[in-house]
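Each of the two complexes below includes subunit A, the first together with subunit B, the second together with subunit C.
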Partner chain A sequence: MPPLEVVLQQAFNGLMLGVMYALVAVGFTLFFGVLDVIHFSHGDIFMLGAFTGLSLTFLWVAVGLGSPAVALPLTFLGAILATGLIGVLTGRGCVKPLAKAPPLMTLLATLSLGLVIREAVLIFYPRGADPKPFPALLPQGLFEVGGVVIRYENLIILAIGGAAMVLVDLIIKRTRIGASIRAVAQDAEAAQMMGVDLDRTVDFTFFLGAGLAAVAGILNGLYYSEIHFIMGIMAGVIGFSAAAVGGLGNVYGAILGGFLFGVLQTLAAAFIPRGSEFRDVVAFAVVMIFMVLKPTGILGEKPIERV
Partner chain B sequence: MRDQTSPYARGGITRRDLLRTGVSAGLGLMAFRGPWRPAAAQAKKVVKLSFIGPLTGGTASNGLGGRNSFLLAVAERNADPKSKYRYETIVLDDECKPTVGVQAALKVGSDPEVIASVSHYCSVVAIATVDSFHKLGLPSMVWGAVLPDITYGHKHLEVTRVNGTMINQNHIAAEFAVKRLGFKTFSIIHDTTDYGRGHAKYFTEGLERVGGKILSTTGTAKDQKDYTAELTKVKAEKPEVIYYGGLTPDGVRVKVQMDKLGVKAQFQGTSGIKSDTFIETAGASAEGVYCFVEGAPTEKLPGGKKFLEAYSKMNFAEPSEAYGPFAYVATHLVIDAIEEVGPDRAKVAQKLKRTKKQDTIIGPVEFDEHGQNTVPLITTHVAQDGKWVVWEDSEYAAGKRELPGLKFKRERV
Partner chain C sequence: MTQVLAVWAVELVLFALVVAALLAERPLALGATIGGIAALAVIARTSARLWAWVTAAFRAHRAAALVGAAVLALALPFFLRASPYWTFVATLALVYVTIGQGLNLQIGTTGVINLAGAAFAGLGGYTVGLLTVGLGVTPWLAFLIGPLVAVVVGALLFVPILKVRGHYLALVTIAFGFIFNILMNNLEFTGGPQGIKNIPTLRLFGYAFTTAPELFGMKLPYHANFYFAALAMAALVTWLTWRLYNSWTGLTLNTVRDDEIAAKCSGVSVARYKLLAFSIGNFSIGLGGAFYAVMVGFVSPPDFDFGYSLVMVSIIILGGLDSIPGIVLGASLLIPLPERFRFLHEYRLLLYGAAIVLMLLFRPRGLWPATVRRYGLREPAASFAPEGGRR
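Take a look at the complex of A and B:
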């Protein structure tokens, strides 16, 4: 049995990884819940959010706003707006026109869109093929509690990630647009008859999902200090799997699925002999088992929670 | 009614008309084909050579340096009046991906005018294309990949290699870490490609020879993003050195996350992390990282100065990088063989496989029966102030600075 501090450290690692996955998974679940669409380019929107954030940090330095206290909120704000608007455009250009087409068409269209976004970053971002260092905008340094290393930036990342998820939940539950989203998720036609503006609601859902992906992308950059144009591929696959395990369409399910995935991967790598070679195998095998035993996901049968 | 001015007006074409038309057409054709060239130049047969390497991706800097060096060698031979042939080039990007590399090999191999190829920086690609080059009968000289099986894993005539293998590199790396620096305990992390596994295997062999102790060996997926679980496990073992067998993007992640988790160990890499991208992306975390590369810094090679002068005259946008001189030498060896035996793939392959005692800018080149250069030279590099510096020239070797791993070791005592 490994020492307690190692177990606790691994638990903390799993928690951090879980936040990264959960933020992406919530995006997937939003699109599915409202539009019945599996938005497969969401992983690449997450990558685009990270690159948008990185570009904005250069902009703030260039205009004399390079101080982290100023640059960080501006980076989040700018990236959420820019990526959110791109999300709306992708919805209007790629998903809405296929609203009446078979689901396979939407799936293919979003998959292709992801490829376009990825290749565009590779080709048009300066030296886009190389990994890019992400500036340290959060306080550096660490402290130890019972042998567990905790970095200040990790705590802030957890706080921002948690706040983003709570905020999404509040928007959905406590605001007028959130009520529209819930109404469309329940029954789009009935919602329209009750006066809900469907186009506006769908646009906002895309904005919210893509904005959340931007937050996830920036947090990913801050946590790993590095971003790469291929980062969205695996994040997308895991985010979608996490959302499916938690119950597609359920925000809490997506969060739960994200943490489950993070913890599973960490446990596999940490405690199974040669487990790090099979961490993805273990995590995805569990997804398969879940899908077989409970196809609706862990929280998928709670229609009241469906967004 | 007939036009009286037409030659046909007289009811036929005269001999004078034919002569006049023929001369005009001849002059016109000559003018169309361009300026007059000496008979010898006109007679030169065109021979195509291909270059395959990673021109995009994390290792693109090495690929671009290799490509430029290849183009330099071809330009030199085309400018040489003694050359029997005029050499044209085909440059393809293998993206450091086996499938893309095989496609590139098939593409150049199916063009009968391509007589030889100077191919591959990445081992995973080079090992994947061995059979393709063999089946196509296309001679391919590897200029950067270090996996031993690329030359030692088969008996094909077509594949040869001008640079050393990871066997030499890792044996020297183990000796350096144990005997020179005094490290005793090692945790090995490697990617699970043939490249990463090969490095781990030969470094383990090297450590066994010099008495280093391996605490654990961990395989990880290529392009893995999060290494915190593996590093937390390794941290508990308290190794003096964490050895990483893999390429730049993953190497950056391992090193940066090591520092974030407070792992107090020296980071040791392989030739796979020796790129400017590693230092640029890892930033301050790169300081004090050391690695090993076949060959020596270009300026220290026997013909390095001449090579660098010629390279700078070509005004390439990218530097030649560590393996550029190898691509340059491989290209010259290939052209030497073509000049000697003619543009025949089989004969060129035979000739290249028997390369003996060739004096080149990287020193003497001599191939063994596997087509492997047996005169390898390994140089240690250390990251110092945002640059790779040859160990012997560094402040770490001079004792002015202390490697992070040595500092941690001293603090433990």
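Take a look at the complex of A and C:
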């Protein structure tokens, strides 16, 4: 049994991972809500968001906006816009036309689309095969509380992630477009009869989900100070797992699932011998057990069998 | 008789085009091949009467068509002597036919989504490696135990599989695939990232499969023995799947896929049939993996990662879900094509992904869609026959 500080330290690290997973998972759950599909290239959209953010940081330096206080918000804004638009394109081109097809078709189509995005970054980004260092835009430094080391940059990452989640919650709960997202998620046909523009709602949902993935991607770059073109595969699988454990279609479930997955991974790494190698095995095994006990997730609806 | 000859002629032309497409390197030969394929496609698209006549001939003389196809398949290595690598690719395609039939029984026929095909193939392959290299078991015995291990592990996984549906089911199998790969990468006894090397090859009466055979005075490519063995394996598995599909069990499996509640109400034990299909499917997939291990003599984690599960699912969807001939077509196209386009280097995977997306958007039922089951009717029932045109 490791000492308490180690456990707390790992739990804090888990929280950091959890923020990023939760942001990706919210995207999965939003797409599932409006179209009943799993958008599997979402992990690669996350990766694309990180690369867009990285390119933008170079752009800001080149045009003389190098100071972090200016560059950081601009990077986030630009990456959200660019990635969000690509998200809309993927939604229109690949996901929505197949929304009525059997789940397997959308699954394969979006997995293949993810392959296309991944390969495109590999080929067209300069020296895309290498891991890319991500500039440290956040203030460095650390302090200690009860043996737990906390870095300023990590606190800011948590704050940005938390702010993004609150913002999404506000958009969904308080705005008109949020109301139409909720309406479409409940019943797309009835929503259309009430005058909800389905295409616009779907487009906005994809924009929102991809934008969140971009935020997660940049946070990931800031946290690890490095991004790589294959990081989207694992992020996608984990994000989907988190969304499913929380209950597909439920935003709070996705956030909960994301944090659960992150904390589980880091605790497994701390407690189990050679845990850092087997942490994903533990996390996925727990996901499978969860699926047996709660086949529709923690906050998911109970399935009603209709004949 | 003219019909039989026509069937054989069509098969011969297709065979010649396939060989030419694989081997043509010089501009003239390449141009002629592309021209031939294009001409054939144009004829098939424009001349509806000819197409109808040919398909009718194939339908009327199925036995002759199968014999012709078998002869040509056996003859393929003789024509690929110029570039021995293609015999290996053809063998690989046959391994994927074996795997595809198993996966199609699960996904296409029964509706049990399995996105961990590579993991089950890996279970077969790794079992062969561990038994032969680690414990000194004879390769033939290990080759038979491998698929059984895939079946047993699949049965353990069945508890969560029965509980969950649709997307959640996809997640459970994906999670299993990742767990398998991480374990193989990090466990000591599986050799970690290096995998297992020097797996002994199969021998028949002291004759090692790795020796290049000489038949009719011609020296065949290095992998020709494996090609013939894989051909036998793929043909056997396809035939058995075909028999199963056309039995009452096959019909029941379709019922389970289409409407679980209706199946339950008709007294079908959904759990039992799903387990049956899942186990038979895993046997085929494990068999393919075990064959791969003895053919290549080497297994490692990257040989069985998620990307290969994706390739397997692509084969059955592009070929046509629930369509047994479609699986053969899908594997014969999807395995050699990326190899043929090796000259595109890094763009290969990009185009591969894009091609699959486009296929799904514009031809979602596959290249050779499954047909409506017909019982006792020699001709399709009037209500099923499409209006006019091709029958």
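As a working rule, the second predicted complex is superposed on the first by the 301 of 307 C-alpha atoms of A that agree within 3 Å, B and C clash if a C-alpha of one lies under 4 Å from a C-alpha of the other, contacts with A are read in each partner's own complex, and residues count from 1 in each chain.
In this text, contacts are C-beta pairs under 8 Å (C-beta built on N, C-alpha and C of every residue); 3 or more make two chains touch, one makes a residue touch a chain.
Everything numeric here is computed off the predicted structure, so don't read it as measured data.
Participant: Under the stated touch criterion, which partner chain does A:122 make contact with: subunit B (first), subunit C (second), both, or neither?
Facilitator: both
Participant: Per the contact definition in the header, classify A:170: touching subunit B only (first), subunit C only (second), both, or neither.
Facilitator: After superposing on A, A:170 lies clear of both subunit B and subunit C.
Participant: Have a look at where A:99 lands relative to subunit B and subunit C in the superposition and call it first, second, both or neither.
Facilitator: After superposition on chain A, A:99 lies in contact with neither partner.
Participant: Considering only touches as defined above, state whether A:226 meets subunit B (first), subunit C (second), both or neither.
Facilitator: In the superposition, A:226 touches subunit B alone.
Participant: Now for A:89: first (subunit B), second (subunit C), both, or neither, which partner does it touch?
Facilitator: neither
Participant: Kindly classify A:277 by the partners it touches after superposition: subunit B alone (first), subunit C alone (second), both, or neither?
Facilitator: Both: A:277 reaches subunit B and subunit C.
Participant: By the touch definition at the top of the document, which applies to A:108: first (subunit B), second (subunit C), both, or neither?
Facilitator: second
Participant: Between subunit B and subunit C, whom does A:10 touch in the aligned arrangement: first, second, both, or neither?
Facilitator: Touch status of A:10: first partner only.
Participant: Report for A:155: first if it touches subunit B alone, second if subunit C alone, otherwise both or neither.
Facilitator: Neither partner.
Participant: On subunit A, which stretch or stretches are contacted by subunit B in one complex as well as by subunit C in the other?
Facilitator: Residues 122, 274, 277, 280, which sit in both footprints.
Participant: Which of the residues in subunit C end up touching subunit A in this complex?
Facilitator: Counting only subunit C, the residues touching subunit A are 107, 113, 115, 159-160, 163-168, 170-172, 174-176, 178-179, 182-183, 185-186, 261-262, 306, 310, 313-314, 317, 321, 346-347, 349-350, 352-354, 356-357, 360-361, 364.
Participant: What does subunit B use to touch subunit A in their complex?
Facilitator: Residues in contact with subunit A: 56-58, 60, 192, 218-221, 223, 225-226, 228-230, 232-233, 236, 248-249, 252-253, 256-257, 260-262, 277, 280-283.
Participant: State the interface residues of subunit A toward subunit B in the complex, per the touch definition above.
Facilitator: 2-3, 6, 9-10, 13-14, 16-17, 122, 127, 129-133, 142, 144, 149, 151, 224-226, 228, 230-231, 234-235, 265-266, 269-270, 274, 276-277, 279-280
Participant: Contact residues on subunit A for subunit C in the complex?
Facilitator: On the subunit A side, the touching residues are 32, 38, 94, 97-98, 101, 103-105, 107-109, 111-116, 119-120, 122-123, 233, 237, 240-241, 244, 248, 274, 277-278, 280-281, 284-285, 287-289, 291-292, 295-297, 303, 305, 307.
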